[in-house]
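Each of the next two complexes has chain A plus one other chain: chain B in the first, chain C in the second.
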Partner chain A sequence: MGGRFPLMARRAVINISFWLLLLGSAGNVVADEGRRLVLVVAADSTLPSLDRTEIRKTFIGITVVKDKQRIEPLINVSDALLYQVFLQKNVFMSARHYERLLLARVFRSGGQRPPRYSDHESLVGTLKARPGAITYMWAATVETTPGIKVLQELWRGSIH
Partner chain B sequence: MARIDTLRRFRRSFTGRLMLGILVIHFVMLPLLFGGVLYIVQQGYQNQFVLHVRLNASRFASLIIEEWETKRVQELLDDAVFSGHVVFAEATDQNGRVVADAVDQPERRDFKEDFFYDRHGDDVYYAGLPLVDRNGIRRGELRLGYDETSTEAQIALANNRGLYLAAAYVLLSFLLVFFWGKRMTRSLEHLRRASRKIASGQLEEQLEVKSDITELQDLVEDLNFMRSELMRQTASMEHLASHDSLTGLPNRMLLSDRLQQTIASSQRNQSSFAFLLMDLNDFKEINDTLGHLAGDLVLQEIAVRLRATMRRSDTVARLGGDEFAIILPAAQKKVIEIVAQKLHDVMEQTFVIENQQLQLGGSFGVALFPDHGDNSTDLMRHADVAMYEAKRIGSSCVIFRDDLVHDTLNQLTLAGELRKGIARGDMVVYYQPKIDLRTGTVRGAEALVRWQHPKRGLISPNEFIAVAERTGLIEPLTFWVIDEAMRQVKAWRQMGLQLDVAVNLSARSLHDRQLPDKIEDIVRKQGADMRWLELELTESMIVADSLRAEEILSRFHEQGIKISIDDFGTGYSSLAHLQKLPVSVIKIDRSFVMNLSDNENDAAIVRATIELGHALGLTVVAEGVEHQAALLLLQELGCDLAQGYYFAPPCPAAEFEQWYGQSSWFNRLAAN
Partner chain C sequence: MNSRHRGYRESCWRRACDVLGLVFLLLAVLPSLAPAAGADGEFLVFLEAGGAYRPDPPADSGLDNSDTGLAVDLFYAKDYGRMRILGELFANNNENSDLDLERLQLGWQVRPDTLLWLGRYHAPLGYWNTAFHHGTYLETAASRPTVTLYDEHGGSLPSHLTGLLLEGRRPLGDRVLRYAWAIGAGPQLAESLEPVDFLRPSGSHKPSTVLRISYSPNDLSLDETGVFAAYTEIPVIGAPPINEVDQTIVGAFVNREWNRTRILGAGFYVDNTLRRAGGSARDSFTSAYLQAEYDWRSEWTFFGRLEGSSGAEGDAYLSLLPTFITQRVVAGINYALTRHQSVRFELSDNRIDAGQYDQVVAKWAAVFP
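Take a look at the complex of A and B:
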C-alpha cells in the first residue's frame, strides 16, 4: 500500500496540474476581450498602410510593390491563435489550404514561399533587418517589443 | 475440461503462438496505424470545413456589402440559413446594432467566434467578417454560424469504416495466419510422426517433407542424418551384442539363436546336425605364465584357424574363456569324425605368440541332433559332457554317449565328496620305499595319497587327482600330504630310520609364488628339516612356465629341499635348460623300466638316461621295478636308486615300518 500511494499521488498531481493549466488557458481566453491584431513593420520603415486586398495578396505570395518598395511578408506562427485569427480575418483560408496554396504557387511560378517564423525573436530580428518586411502580431506584443511599430490595425475583437 | 485442455494445447502450439504473436503485434500496431490514418482524415475534413467557412464567409460578406443599401440584407441572410449549411446569420452596423438576422433555432444566437474547429463544442463554427465598402469604410460586421455536424458525420463515418476495416484486417490476418500456421505445422507434424518412428526403431524409411522452408529442409536433413547414424550405431550395437569383441566370432547369445534356427530348420527338413564344444588344453597355463595379452592372441589365432577350417554355412562361436562352439548343419557321424580330425590337426599346429612357440590342443565334445537332444539345452549339455569326457581321457574328440551322463555325474559327485573327504580326514598317505642299488639300504620313500572313502573303500589317485586338479582341491590336498609326510618322516627319524620323503607336486601348485613359504611353514610347524623333503615335478610342468619354475625351484634349493624330475623321458624337456635348474634327482619313467629286460630300445634309453644323469651330477632313480631281471640290469647300468612293486608296493606308514624292519634288501643286493 505504501508503495502505491506515491504513484497515485503523482498521478493526482499530474491530473490537477493539467486541469489547472486548461482552466488557466480558458481563463485567458475568457479574459481576452478587446484584442487587436495589427500589421507590423520595423520602426524605421517608411511603408505606407496597405488596403485589405494588398495585405491578402502579399501574404498569399503575389508580389506587391508600394512606394517602390517590394513588400515582403513574414508569416508569424509563433502563436497558433494569432495565426488562425490572421487567416480567418485576412486571408480567408484554412491553415492547410493556405500552406498548400503557397507551395503550389512556388511550384507554378517559382520564387520562394514567404518565410515562416515560430520564434518571436528571430521574427523581430528579420523584420528590423528588412525595410519592406511586414508581419502581424497582437498589439500588446508590439508594445513590449522595441524596434518595431504598428503599421495598421487588421482586426479588433474579443476571443471567447 | 477437454475443451480447456484443447485450448491450452492450441495456445502452446506453433499456430497458437503465431496467432498470439500476430494478435499482440496488431494490438500495438493497429491503433497506431489506424489512429494515425483516422487522425489525418479527421484533420483533412476539419481543414476542408474551415476553408469552406472562411472562403464562403468572405464572399458572403462581399455580397452583403453590395446589397447594404438595398435592404436585401435580410433576404440574403434568410437564403443563407435556408441553404442548410449556415445555421446562424447576423449583420450589425458599425455601432454593433443588429440590422438583420436569421437563425434555424433560437438557441444559436449565442455568437462566440471560433478560430479552431469545434472550439466551443456547440457543433457550430462561428465566424465574423468586417463589412467594408469599396472605399474602405467599415460599415458593420457579418456574423455567420456554420453547421459542423455534417463534417462530424463524415468523420464518424470515416472512423467507423476505419474500425470495420481494422476488424476485417485483423480477422483476415488471423485466418491467414491460422491456415499458414496449419500448413507449416503440417510439415512439423509429419516430422514429429517420423521422429516417433525413428524412436521406435523404424529406421529404414527416408524422411521427406514437401516444404521449401529452409529451416524445415535443414531439420529433415538433420533427422535423416540422425536416422542413418542411429542405423549405423544400432547395427554396431547389434553386432557387439551378438559377437565376441575379442575374436569377432558370434557369442553365446547369437550361437543360441543360430542353434534354435538350425534345430527348427533340421526339424522341418528332417535332417541332422552336429553341435561341437571345444575347450583348450592348458590355456590357463598360457594365461598365467605369458599373461592375458598372450592368451588373447592365442584366442584370436584359434578363431582365425577355426573360421578357415569350417564351411561358410557352419557357425563358429566363442562362448567365453577358452570355450568355443561349432554348429555343423546337415552333418552325419562320418563327416563329424573327419571334421574332428581336421580340427584336431589345426589345434595341434604350433602357435607362435610373442616369439614363443606354444603347443596347444583342444578337447572336442560332440552332440548330434536329434539323437542326443532335440533342443538347444540338451544339445549343449550333452556336448559339454562329451567334451568333459574327452578332457578326462585325454582324447581330442568324444561323441556323446548316454553312459557319459552317468560318468559325468559320478565325476561331479566325486568332486563334492573329495572336498568333504579332505576336511573329514579320509585321505591316507601311502609310502613306497626307494632302495639304494649299491648298498641295498632304504634311502627314502615316495609319499602317495590314497582316499579311504567311507562307502566306496580305497579310491585310486587316478580317479580323484584329476578331479582335484580341475576343482582346485589339489592345492589343499598337496599341503595336507606334505604336512602328513613331514610328520611321519620326523617320527621315523626319531625312531632311527634315516629316511627322506618325496612328495609329488601338481602343475597347478607351481602357479603359486608363495608355495616355498607355505611349504616352509608346514615343515617348520612339524618341527622337521627341509632337507628331509624332496619334491617331484614332471618335465612338462617345468617347461610350461620355465621362468617361474626356475624362480620357485631356486627358492626350494635355497631352502634345502631336493628337486626331482618325475617321469623323466616322457616329456619334451630341454637338457640345456634342465642343466641350469637346481635339480638333484631324475626318475626314469616306469614305462621304460617295466620292459627293460625285454626291450632293447627301452634299455638303451635307460642306459642313456643314467649316463646323462650321472654326467650332470644327478642321482638317477628307476621307477616301476617289478621283477628281478630289471633290477639286475639297473644295477649293471649303474642306476642309483630304484622303487617298485618288486621291492614293496605303496603301503600305510605302519606297514612300511613293518616292511622296513623285515627288509633283507641289504643282504640280497649285496649278494648280487
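Take a look at the complex of A and C:
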C-alpha cells in the first residue's frame, strides 16, 4: 500500500468529489430546466394569446391583426442566446436566414422590418408605449421588470 | 508614352474619379437619410465591389481581359397609413458610369392584401428581377443569369417599367396565390434597352404589360412557383432599317428551399417581330437557367448554375445585343463574412455568338444597417 495518502483519505476525497459533482450538475439541470422563453406585452395590454403561426407570421413581417389590434413585433437582440433560441424554437430558422428573409421581403415590396432592440430599457419602453407591441424574454427577466407581463409561454427546456 | 498607354492611364484615372465620386455621394447622402430612417421607415444601403478576369475573351466580342466595378444602391421605404412610398437610387462606376433612379413608387393599399403602385418599378418578369435586382447581397452567386441582366446594362428583356402596378395575394389556408399586373411605358432600344429615365427624360417609349401569377405552398417562406407573360412594343433608334420590335414573352419560374438546399430557375420563350419600313420579320428564342445552392456550416454556401438557350445564336433580335450568353456553366462559393456581408468566388464557362470564354469573378456584397 504505497502512495502518500492512506486508503481512507483517498476514499473520502473520491466521495466528496462525487457528491460535489452530483450537486453541481443537479444545480445546472435545475437552472436549465428553469429556462422559460415567454411572449411579453405591456402590463395594461388587452391582447389575447396568439397561435404559433400568428407569432411566426408577425415576426417574419406579415401583418397580423388580432381583436382589431395590429400586432407589432419587437425583435429582442439584447441577449444573443435568447435571440437564437427564439428563432430556432419559434421561427424555425437560423439568424442568417431570418434576417435575409426580412430584407428580401422589404426590398421586394417596401414596408419595414420589425425594429430590433439591443438595449433592454428601450425595448421595455417601446413595449409599454405602443399598443399591440409584443416581444420575447426569459421568464426570469419579466419577473424583475415592472410594467410588463407574460402573454404566453413559447418554449421551456434545457440548453446545452 | 504611346497614345494607347496614355488612353489606358486616362481610363484608370476616370474610373478612380468615379469611385471617389461614389464614395462622396454616399457620405453626403447617408447622414441626411439615416436619422429619418431611424425615426421611421426603412433605409438600406447595398454595396458591392468586385472584378472579373477572362484569360482569353473572343476577338470582336467587345469583352476585356478584366474589369472591376463598385456599385451603391440606396433603398428607402416608408408607410403612411394606407399609403406606401418606395425609392431606390443606384450608382456604379462601370464603363457607362451612371446614376439611376431605379425605382420611385407611390403605393395605395386598396385592400389589406392588395397594393396599387404608380411610378417606375421592377417589371414582375420571372423571379430574379424582383427578388434580387440591385440588392446584390440577397443573391448567392457573383453573377446573374444572362436572361435576367438589366435592360439598361445590356439585358435583352425589359426589366423596368413606368406606369401602374397592381400587386396582391390571396391566402388559401397556409398557402398563398400571388399576382402582379403591370402596365406602363417600356424601354426603347438604342445601344442597349433604355427604360424611362426620370433623371434624364428623353427618347420614345411605348406600352408594355406584364402579368405574373405565382403560388406559395407556405406563406412563411420565399418558396414560389409561377408563370408570367409580357408584351412590349420597343422603338428602335439607330439600327436601320428596323424601327420597332414587338416582343412577346411567356415563361415559368420556381424558387424552393428544403432545409439546406435551394433551387431556383426560370424559362423564357421570347418571340420578336422586327418591324421595318418594307415589312417585318419574326424570330424567337428560348433561354433558361437553373441554380442549385447548398448551405454548409451556415457560413458557406456552394452553388452551381446551368444556363442554356435555343434559337439564340443568330437570332435577329439578339444580334442587336451581341453579348447575350447563349450557354453557361457556373460553379462557385459564397462565404458570409458577417451578419450582412459576404464574398463570392465563381468560375464559369461561357458561350456567346463570337465564341467561348472562361471567366473568374470575385465579389464582395453587403447591406447596411
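In this section, the second predicted complex is superposed on the first by the 129 of 160 C-alpha atoms of A that agree within 3 Å, B and C clash if a C-alpha of one lies under 4 Å from a C-alpha of the other, contacts with A are read in each partner's own complex, and residues count from 1 in each chain.
As a convention for this text, contacts are C-beta pairs under 8 Å (C-beta built on N, C-alpha and C of every residue); 3 or more make two chains touch, one makes a residue touch a chain.
Keep in mind that this is a model prediction, so the values were computed, not measured.
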Chain B versus chain C on the shared chain A, clash or fit?
clash
Using the touch definition from the top, say if A:W155 reaches chain B (first), chain C (second), both or neither.
first
Which holds for A:R108: it touches chain B only (first), chain C only (second), both, or neither?
second
Which superposed partner A:K57 touches (first chain B, second chain C, both, neither):
second
Once chain A of both complexes is superposed, is A:D67 in touch with chain B (first), chain C (second), both, or neither?
neither
Output check: A:L81 vs chain B and chain C. Expected answer is one of first, second, both, neither. What do you get?
first
So in the superposed three-chain picture, is A:A95 touching just chain B, just chain C, both, or none of them (first/second/both/neither)?
both
From 6-14, 24-32, 42-50 or 240-248, the chain B stretch with C-alpha clashes against chain C:
42-50
Pick out the shared contact residues on chain A: the ones touching chain B in one complex and chain C in the other.
94-96
Chain A residues touching chain B - in the complex, by the definition given at the top
51-52, 81, 84-85, 87-89, 91-97, 155, 157-160
Taking the complex as given, what residues does chain A use to touch chain C?
53, 56-57, 60, 62-63, 94-96, 99-101, 103-113
In the complex, go through chain B and note every residue touching chain A.
43-44, 47-51, 54-55, 57-58, 112-113, 115-116, 120, 127-130, 132, 136
Give the list of chain C residues in touch with chain A in this complex.
40-42, 44, 75, 77-79, 84-86, 105, 107, 112, 115, 130-131, 133, 135, 137-138, 167, 174, 219-222, 298, 336, 339-340, 367
